[in-house]
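Pasting the structures here.
Two complexes follow with chain A in common, the first pairing it with chain B and the second with chain C.
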Partner chain A sequence: MTDRLLAGLHGRGPITLDRHRAIHGPLPDAGPDLIATVEAAGLRGRGGGGFPAAVKLAAVAEARRRPVVVVNGTEGEPMSAKDRALMRHTPHLVLDGAISAARAVGARDVLVAAPPDSAAVLAGALSERGELGSRHTPRITLTASAVGYVAGEETAVLAHLEGRPPLPRVTPPRPAQSGFRGRPTLVQNVETLAHLGLIARHGAAWFREAGTAARPGTMLVTVSGAVRAPGVHEVPVGTSLPEVLDRAGGATEPPTAFLVGGYFGAWVRPDAVGLALDDAVLRAHGAAVGAGVVVALGASSCPVAETARLATYLAAESAGQCGPCFNGLPAIAAVVERFATARTVRGDGERLTRWIDMVKRRGACAHPDGFARMLETATRVFRDDFEEHARTGRCARCHADPVLLLPRPARAAATA
Partner chain B sequence: MALWYLTRATGATALVLLTLSVALGVVNVERFASPRFPRFVVDGWHRTVSLLVCVLLAVHVVTTVVDGYAPIRIADVVIPFVSTYRPLWLGLGALALDLLVALIVTSLLRERIGVRAWRAVHWAAYACWPLAFLHGLGTGSDIRAGWVTWVALGCAAVVLGAVAVRLADRAIARQRRIGAVAALVAVVLGVAVWLPSGPLAKGWAEKAGTPASLLGGKHTTTARRTTP
Partner chain C sequence: MTPRRTSVPDAPPAEELVVDPIACTGHGLCAELFPERVALDDWGYPMIHGSVSPDLHEHAVRAVKACPALALKLHRAR
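Right, the complex of A and B next:
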């Protein structure tokens, strides 16, 4: 077993402060020295971007004004449940990470954006502690996170915390330079901070005992689809995909493809040799570890119907700020829908490729790029299925229960 | 020699593409779209064509300056009305170029400067085209070749059509529309009166302000090129 973050979990409510201290020991205060330790540990962000945590920490610590730490628990990715799992089951580890980060960069304020139920658990954990807000521990403020696919993007989280609509903005300036109300801001994903809470205790060498040399440590994966035990599991970075499936109880039916990373991620063939949760391996398949999402699409599901539904959902999740994203994604989703229903018009195949190419790098955030990556790999991996659908339309599998969860679009939910 | 031809060719092509860019811009802002030609594709074409105009103009400008035939300096290209060669007509081109650079730069930085500032600058597109057009008529060595005249008139027709569509938009205030139509009619009549006695008449090169050293006895374009 490689349980670090999930060590001592019993599934009966959140771990209490006493039990948390018994499992992990006391939290030392290394102050700014933690940054060097994190750099030696090689910890990378676990929210999807995979950015080195030490670089962000150092950038924020070097800023002239007093910085703010933002704990990003928004988790807008529908197939990911890891951040919520951490906050609900081991809230003190998340708080430890946030406090360590605040001490490392010299922040007095920590702002947490989390779904209401997770925030409630964190509030309970905070009340257990009581001594916060003193000279060595920061003030921690809990805020209900915004809903929507792009609401978890770090600049969208900052906009939400400032009381504005949760929309991404152009970077630079990055949050490390100018974030919450113009102050230098460290925005870190919940899982990243939980790792930080352990690195502060056990050091860099311990962290590197798991994972690969380039991507050390363990990671949380949310496995779903055609597996017996879907849910959140902790594995070393670099674990092979078959092993990940084993951790999730094994496949319930032969998989036809995996969606890796998240909805902004990539579809990969199950027969691809040496597939592992390692960016160096996945890069060859146009994929990345992303937010640690693995969806196994079973043989009884229709990949074209799933892809078409997903494309329509992601198009509706555009923040509506940039023309190519707002106008382009629905137009592309409509072409995919035409494939799914055998209503293609002449040139649709070539049109799809060309249009996907036209939305890349044309947004303030990476939403159109993620959409493009997902569709490019879908049309490559499911080429035969797409061609068959273009000829014969809906298949028997199209009516199977959807595997990919599609929450109601945020805008529709807001107006309801 | 080759450079001078390149200058003329890129100038004429740039005018055609600039016309297309204006038309696509109007199509875009009026939200004309179809399932096969959705708005982001129109937008993509508008962007691509506009950037292509810049590439052509870069060649147009560089060849003009490098070519030794006409005494045009780099300053003449960006500062209007200071050249010794056809100062008024080259100056209009310099103005059009400056406006185009402003249009392109603000468009590339639109997310930074905000949509309102961008839109304010982008209205200059309606000034950029006429300036470029008059520059083409006034300095163009080829305007008296029949087909070039027709291409230029065709471009003018396309832009007039696009502007008419834009002005018909309900979002345009009535007073502004009346003012724009009046200005438009004045410009069109002015050009229509001027054209036959100006660039289309003999002796234009001299009238336009071509230095005497460049003028030979004959005023046809090829003959002019052979004079030392």
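Right, the complex of A and C next:
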């Protein structure tokens, strides 16, 4: 067991400030020196992109204007629950990370975007602390995050905090150069900041005691699907997939595939040798650790039906701004649906491959790229199932309960 | 002894055509005017292939200026 972020969790409400200090000790103020420590620790962003945290910190710290820190707790990925788990159970660790980041880059303002229930817990934690807004402690403002798959993309979060629709914008400029109201802005995922709160206390060498040399530390995984104990678990980066399943109580039935990373991630075969939550290993399978999502698809589920539903959901979650995305994704999802129901028309096989390739790198954000990655790996891993469905249509497994959760599209929910 | 390096004048820099995918509404004039580097996808939106060498500079500029959505830009290659 390597519980760092989840240390001392008892599952009965959030950890109080007194208890938090007893578990983790006082939070030192290293100021800008923390950036070098984070660089030595090798911490990477845990929101999905895996970008080195120190590079962002340094870019924001070097900017001329006074920067802003944004805590991204949006977690638009339906199969991920780790950020909400941190905010609800150990809110003070998240606040410590945000405060440390603000001190490191010289920010006076921290803006938190979090789902209402998580924001309420953070508000309670803030009220336990009295000293906020002083010279060494930033002001922290809580905002209810927007709903939707792409609402967690960092420029969409900034748009939301500025009072506009939560839509991604074209980059550059990156938020580090021009973010919230044009100010240099550090946008970090909740889990990334929680790690920062521990690195500030224990240093780089301690952080590297877990994980691999290239990807140090622990990470939170949200395991779901055909496992006995689905939920959020903390494991060292590089943990093998079988071990991850063990942490989640083991499989309830033989898995046919894993979805790794998130809905923008990749399907991998369970029989692939040496599978581990390590980008160096997963790269060979077209996959990445992403947001730490692992879905075990059991043998009783239909991979074609699951993939078709997921493609339709992701197509509907396009922000609707970029032509190749809002035209291409629904068109591709329709082809997948035709495969699932044995209604393919001449050329659909070639069309599917060509269109998946055609939408890559064509959007302002990475939504079409993630959609393409998921489908490319699905059609490879489930090739036989797709071919069988194209011949015979719906199978008995098609009627099994869906494994992949598909929230109602944000726009439909807003108008309902 | 290594021979003295003869100085070669730098080749003129290539440029990159960049589409702003949010601004682009798929008029397609760029592909009409500059088929050497712009093709349209199946939905009528431009796909750029290759960088713009100096001999194509004028064609690229014409396509950029013709874009009704101001979505096409010509950047110095990095």
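A few remarks follow.
As a convention for this text, the second predicted complex is superposed on the first by the 416 of 416 C-alpha atoms of A that agree within 3 Å, B and C clash if a C-alpha of one lies under 4 Å from a C-alpha of the other, contacts with A are read in each partner's own complex, and residues count from 1 in each chain.
Rule of thumb we're sticking to: a residue touches a chain if its C-beta (ideal position, glycine included) is under 8 Å from a C-beta of that chain, and two chains touch if they have at least 3 such contacts.
Not measured: the values here are computed from a predicted model.
After alignment on the shared chain A, the placement of chain B and chain C results in a clash. When the shared chain is aligned, chain B comes close enough to touch A:Ala334, but chain C does not. Legend: residue contacts after superposition of the two complexes on their common chain; A:Val170 is shown touching both chain B and chain C. Once the two complexes are overlaid on the shared chain, A:Pro324 sits against chain B and chain C alike.
In the superposed model, A:Val345 makes contact with chain B only, not with chain C. Contact with neither chain B nor chain C is seen for A:Ala214 once the two complexes are overlaid on the shared chain.
Once both structures are laid onto chain A, the chain B stretch out of 5-13, 41-49 or 59-67 that overlaps chain C is 41-49.
Chain A residues 170, 322-324, 327-328, 331, 355, 358, 364 lie at the interface with chain B in one structure and with chain C in the other. For chain A in complex with chain C, the touching residues are 169-170, 321-325, 327-328, 331, 355, 358, 362-364. Against chain A, in their complex, chain C makes its touches with residues 20-22, 24-26, 41-45, 47. Chain A makes touch with chain B in their complex at residues 170, 322-324, 327-328, 331, 334, 345, 351, 355, 358-359, 364. By the touch rule above, chain B contacts chain A in their complex via residues 33, 35-36, 38-41, 43-44, 111-112.
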